[in-house]
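Presented below is the structure to which this report refers.
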Amino acid sequence: MASEPAHRRGTEPLRVLAPDGTAVDDPDVGLEPDELRAMLRWMLLARRLDRECIALQRQGELTVYPGFEGQEAAQVGSAMALGADDFVFPTFRELASAIVRGVDPVQYLAYHRGTWHGGPYDPRATRFGPICIPVATQIAHGVGYAMGLALDGARACSLSYFGDGATSEGDFHEAANLAGVFGAPAILFCQNNGWAISVPTDRQSAGEIWTRAEGYGFPGVRVDGNDVLAVYRVTREAAARAYAGEGPTLIEAMTYRIGAHSTADDPGRYRDDSEVDAARASDPIVRFRAWLESEGHVDGDAIAAWDEEIEAEVLAVRDGVVSQAAPPAEWMFDWTYADPPAEIDEQRREVLRG
Amino acid sequence: MASEPAHRRGTEPLRVLAPDGTAVDDPDVGLEPDELRAMLRWMLLARRLDRECIALQRQGELTVYPGFEGQEAAQVGSAMALGADDFVFPTFRELASAIVRGVDPVQYLAYHRGTWHGGPYDPRATRFGPICIPVATQIAHGVGYAMGLALDGARACSLSYFGDGATSEGDFHEAANLAGVFGAPAILFCQNNGWAISVPTDRQSAGEIWTRAEGYGFPGVRVDGNDVLAVYRVTREAAARAYAGEGPTLIEAMTYRIGAHSTADDPGRYRDDSEVDAARASDPIVRFRAWLESEGHVDGDAIAAWDEEIEAEVLAVRDGVVSQAAPPAEWMFDWTYADPPAEIDEQRREVLRG
Amino acid sequence: MADVTMVAALNQALRDSLRTDDRVLVFGEDVGRSGGVFRVTEGLQDEFGDRRVFDTPISEAAIAGAAVGLAFAGWRSVVEMQFDAFSYPALEQIVDHVAKMRERTRGRVDMPITIRMPAFGGIRGKEHHGESPETFFVHTAGLKVVTPSTPGDAYRLMRLAIADPDPVIVLEPKARYWAKADARLDLDGPGIGEASVVREGDAVTIFTYGAMVARCLEAADALDEHGVSVRVVDLRSLSPLDTETIARCVRETGRAVVVHEAPRTLGLGAEVTARIVEEAFDFLEAPVRRVTGYDVPYPPAALEHRYLPSEDRIVGAVREVVGY
Amino acid sequence: MADVTMVAALNQALRDSLRTDDRVLVFGEDVGRSGGVFRVTEGLQDEFGDRRVFDTPISEAAIAGAAVGLAFAGWRSVVEMQFDAFSYPALEQIVDHVAKMRERTRGRVDMPITIRMPAFGGIRGKEHHGESPETFFVHTAGLKVVTPSTPGDAYRLMRLAIADPDPVIVLEPKARYWAKADARLDLDGPGIGEASVVREGDAVTIFTYGAMVARCLEAADALDEHGVSVRVVDLRSLSPLDTETIARCVRETGRAVVVHEAPRTLGLGAEVTARIVEEAFDFLEAPVRRVTGYDVPYPPAALEHRYLPSEDRIVGAVREVVGY
């Protein structure tokens, strides 16, 4: 008997597709068939890439890696819903969003390779902010960026990702309140994956996260985070509100962390496998694929073809990652300041002397 | 034409007495006539004392002083609603609550005299925590204290005061969420006086403060903070819930800061006097007195008699305050550590050498 | 040349920065409508509008965090922390992001952020209103930290801080806010990273900054009357420190005293002493003395004068070092 | 005497403290059900129940703040900050309340709070997982700060910290968590405030702490083979510092090197140097050298070994000082 993850109780999330892939609401979210196919392909690529990263870590090619299996719909659906001018401020778990937004996975993985931290890729060019580890701190960056967009009168928004655990941080609150006061064109996108390392969401907060929005004076919505069409729709609507000057939106996407918190974590110490089994039953990829097939948008052959392409792409990424060498030591000193003070130059020389 | 303070808009607060003193709800809050009289007397004493403190500051006998005129009902009503074992964690503006709880005003005012900071009075004996200036930080103290009460199985609660501005701090959020998760017997009492120095509440948050409680999984209530009976009733109910193990309550008491933020502040630079006039129209003392008189609980003579007593009490406080001299310099070193390390003893000697 | 207070000079610096660069924003608690608790931002909202000069909720972490996001969007934020101690809630954002973002992005995203705060004691303020937080910021790689001692300095350093591509913490010595001085408000003069000798002398050098500069000058005059020739250096730039000037002065005077308000242990005096030892050991004829606040919490108003370095304590330390 | 890791020793110390004092509580992020990311609290919830050992939401400020409130209610909190950098959001609570409450209440309310955190680098961790935050805490009056270098030390210091009436920050050198040593887990040995000579020598003294102690001992052995007799002092108690031992060793060896992972500027080495100059100037025969992390953000894993003091750098500094 599998027990439902605790955080699934409470308010029913918005849904377009039922777990079995049948539509329970208008499935037309405004995407063309090839865009719908691309959506599935991104999810398949993301999952395959995620598993490759875990393998790479096991083989000592990456440092600790935080997997996202189970969260593909939440990330791909929200990332695809954004426009080219929108800017994403991620946590440390949004590799799927990153590749959808055009970030080179090899550059992204330099972070986990341990060859550079922060934004190994160019955050400005990709409009995808640096990987952010201090929980919830990136939300204020997204809100500040959105305030800047408003000052420039730009028709764009920011989207900050964060987890259920992040909503306990003061930074979540201050940023959300700031967004409300300034009506900033910001999307606060919470991936509620049921766990914050070993702490389940119901021990993280006694309330429902989406309900917090009212206290900040803007709309909050709870969506089925394993339903890529529903995620796409609510994110699109939030972006439309932002573009129209109607201010921020808080989205709580109910999903699940199928794997460990990271490759350094052992969920067996705190989580019952039956919960994971229950969660697998609402796999976001199975669901979307079933619907696409029922609609005749894809078939086994198409997917088999993708699988081959994806295999090749992922192996290329692997090659790129393993060939990444340590950067020169002087890089430690090159960007701390625009023009380094004397003591940094001296310390730089100290290092080069060996 | 006087304009209503902005923060008065929105959800109607709970009320027992209308501004003119007529009862709009059952006025029996469980207090005996002499307790009701004591309530008014505390409010009269508090206002007179507050004005004396402002005078003392003008005369150079106190450092910067934060007045509370207009907030007497919110403070006296909530303080009287607590039991002897309950513990208060105040901000810097709760002199009225302090005296109701039995804190010696002369000791309390040592803080503003500048002869000692923190808790010049004994926080344990008075069950009234030290004056707290870092906005919102005392809320976590109240929640932690309440967690301790629960661990001891005590039938008591904590009450943390804070202002509307404090609700923008991460500390408010983290403490409230913590209280919800642990079902701590804590009362979070917000005095929404419309202003945070120069910032009106509607620029502090786009939402209503009391609505935040839902996101933390416990009840929130908005009460007319100038209606001492209503404040007493909701605080009493919150304490009853806490005693019964039903967890925290957020109370938003709608009141008004009639005076300046502090004696160092000039509201003329940011606030329209017409707003103050409008606020004066719902003076908490006038309202409660009118009802008590209509009920025949007090009359002009009784109040005239109190005024004389109060005058004497306040003058005694003044004498106590002005006679407070600077403490000996070595006090700087006496309590930093239970047993001072060598360098502190040495620095102590350094000071005594002059 | 006009007689101006430091508050007026800072206000002018903000005004001129807002005028000359339309990407400059000024925000924080009470800086807009009311012009700030010390009136440093008075009139700015009237002149530049509430889109460029605005009040925020009481959210120090989000104020610093928003400045980071605004930098990504190409804006230069000048934010106020209302008092020294009220910068502590923003420390995580300042240390993890403001200070590191440029390095984390390999120079692709600058953080031209100015964080101003009234700092240090001496105004009989309440607790948490008289702290000297410089150690937290000076120890943090990626930040610059400056503190002016005069109106002219204040104008120049604020302009330079705002124009700097890197984050700069400006500690405004609140005890000197209202002191008037004959000052030229322009950009000529030592920049960030440069200390200066504000009084010549050859027997000993006092290294100090902020509100203590004036006090050290008084002490130096008093000592002069007793034939002790004291040099006074206004460090001004606490990070980066002007090691060259520090070392040169010790080489020339052989003796040194460091004066600051912050507690002694790991106050800036420790770093100045360490650099003196590293760069001028052979010239040092006596131990470096630190005249500082004590290793206890900042005291109540009534004891402030016993806590802060007094002219007597400074004179005493100098005599000790010179007589060594 | 048994071979134990520092993790096991710390776990035992927490266990024994929970056993001997039923007012002791252990809480923080992931310390309960899972036993902590480094397993330091493993099994404690099973033995003492989830009322005394519990997980909290991700709220560092509230964790520290709740500990303050719990102290008012007579409880002794042992809280964990999951990693060094994640203590920054709690800094305001720690500096304004944990450190000051006893003084603010004139000794009426003690703050017997222990704040533990895995600290320093050396494990190829991600950014924010290798910081050395000691300066922030050592500079803050009212706190004590300790860091063990061996399992035995870890056991004793943790027990003493928890029993201490004042707040103690315990920096656990994560790079040494899994190093085994033959250790007696008891309370005998130097207490808080006491440094100790962990290797005798008479030509120079290396002052260090945490994970660097082991490295300095290796460097000392290497130098020994070249006839340089190096004394190594494990400072252990960073606040209060054992000035007496520091001064005595410099009087006896005449030369000193300070080694730590934290950035150089205002790292602990600055304070140690300043105290040496104040207390042993006449005995100092060479400048004090600081072998430290650099004044830049902690680097990515691939460069960690170039940032942290290496045996070569330590040896080089000692040779320089000895050859001065």
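Here the chain labels run A, B, C and D in written order, and each chain numbers its own residues starting at 1.
Note that in this section a residue touches a chain if its C-beta (ideal position, glycine included) is under 8 Å from a C-beta of that chain, and two chains touch if they have at least 3 such contacts.
Quick caveat: nothing in here was measured; it's all calculated off a predicted structure.
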| item | value |
| --- | --- |
| Result of counting contacting C-beta pairs for B-D and B-C, higher pair | B-D |
| Farthest-lying chain, centroid of Cα atoms versus that of chain C | A |
| Approximate Å spacing (C-alpha centroids) for the pair chain A, chain B | 44 |
| Separation of mean Cα positions, chain D and chain A [Å, integer] | 36 |
| CA centroid of chain B to CA centroid of chain D, Å | 41 |
| Shared interface positions of chain C, touching two or more other chains | 57, 59, 61-62, 85, 88-89, 92, 96, 100, 103-104, 127-128, 141-142, 241, 265, 294-297 |
| Sites on chain B at which at least two other chains make contact | 116-118, 134, 168-171, 174, 177, 181, 203-205, 331, 336, 343 |
| In the complex, chain B residues that touch chain C | 63-64, 92, 111, 113-118, 133-136, 165-166, 168-171, 196-199, 203-205, 264-265, 269-270, 326-327, 329, 331-333, 336, 343-344, 347, 350-351, 354 |
| Chain D-facing residues of chain C, complex | 61, 85, 88-89, 91-92, 95-96, 99-100, 103-104, 127-128, 135-136, 138-139, 141-142, 239, 241, 262-263, 265-271, 273-274, 277-278, 281, 286-290, 294-297 |
| Complex contacts: residues of chain B adjacent to chain A | 167-174, 177, 180-181, 183, 203-209, 211-212, 214-218 |
| Residue ranges of chain C touching chain B (in the complex, touch as defined) | 29-30, 32-35, 37, 55, 57-62, 85-86, 88-89, 124-129, 264-265, 294-297, 299-303, 306-307, 312 |
| Chain C - residues contacting chain A, complex | 25, 51-52, 56-57, 59, 61-62, 64-75, 89, 92-93, 96-97, 100-110, 141-142, 144, 164-166, 193, 240-241, 243-244 |
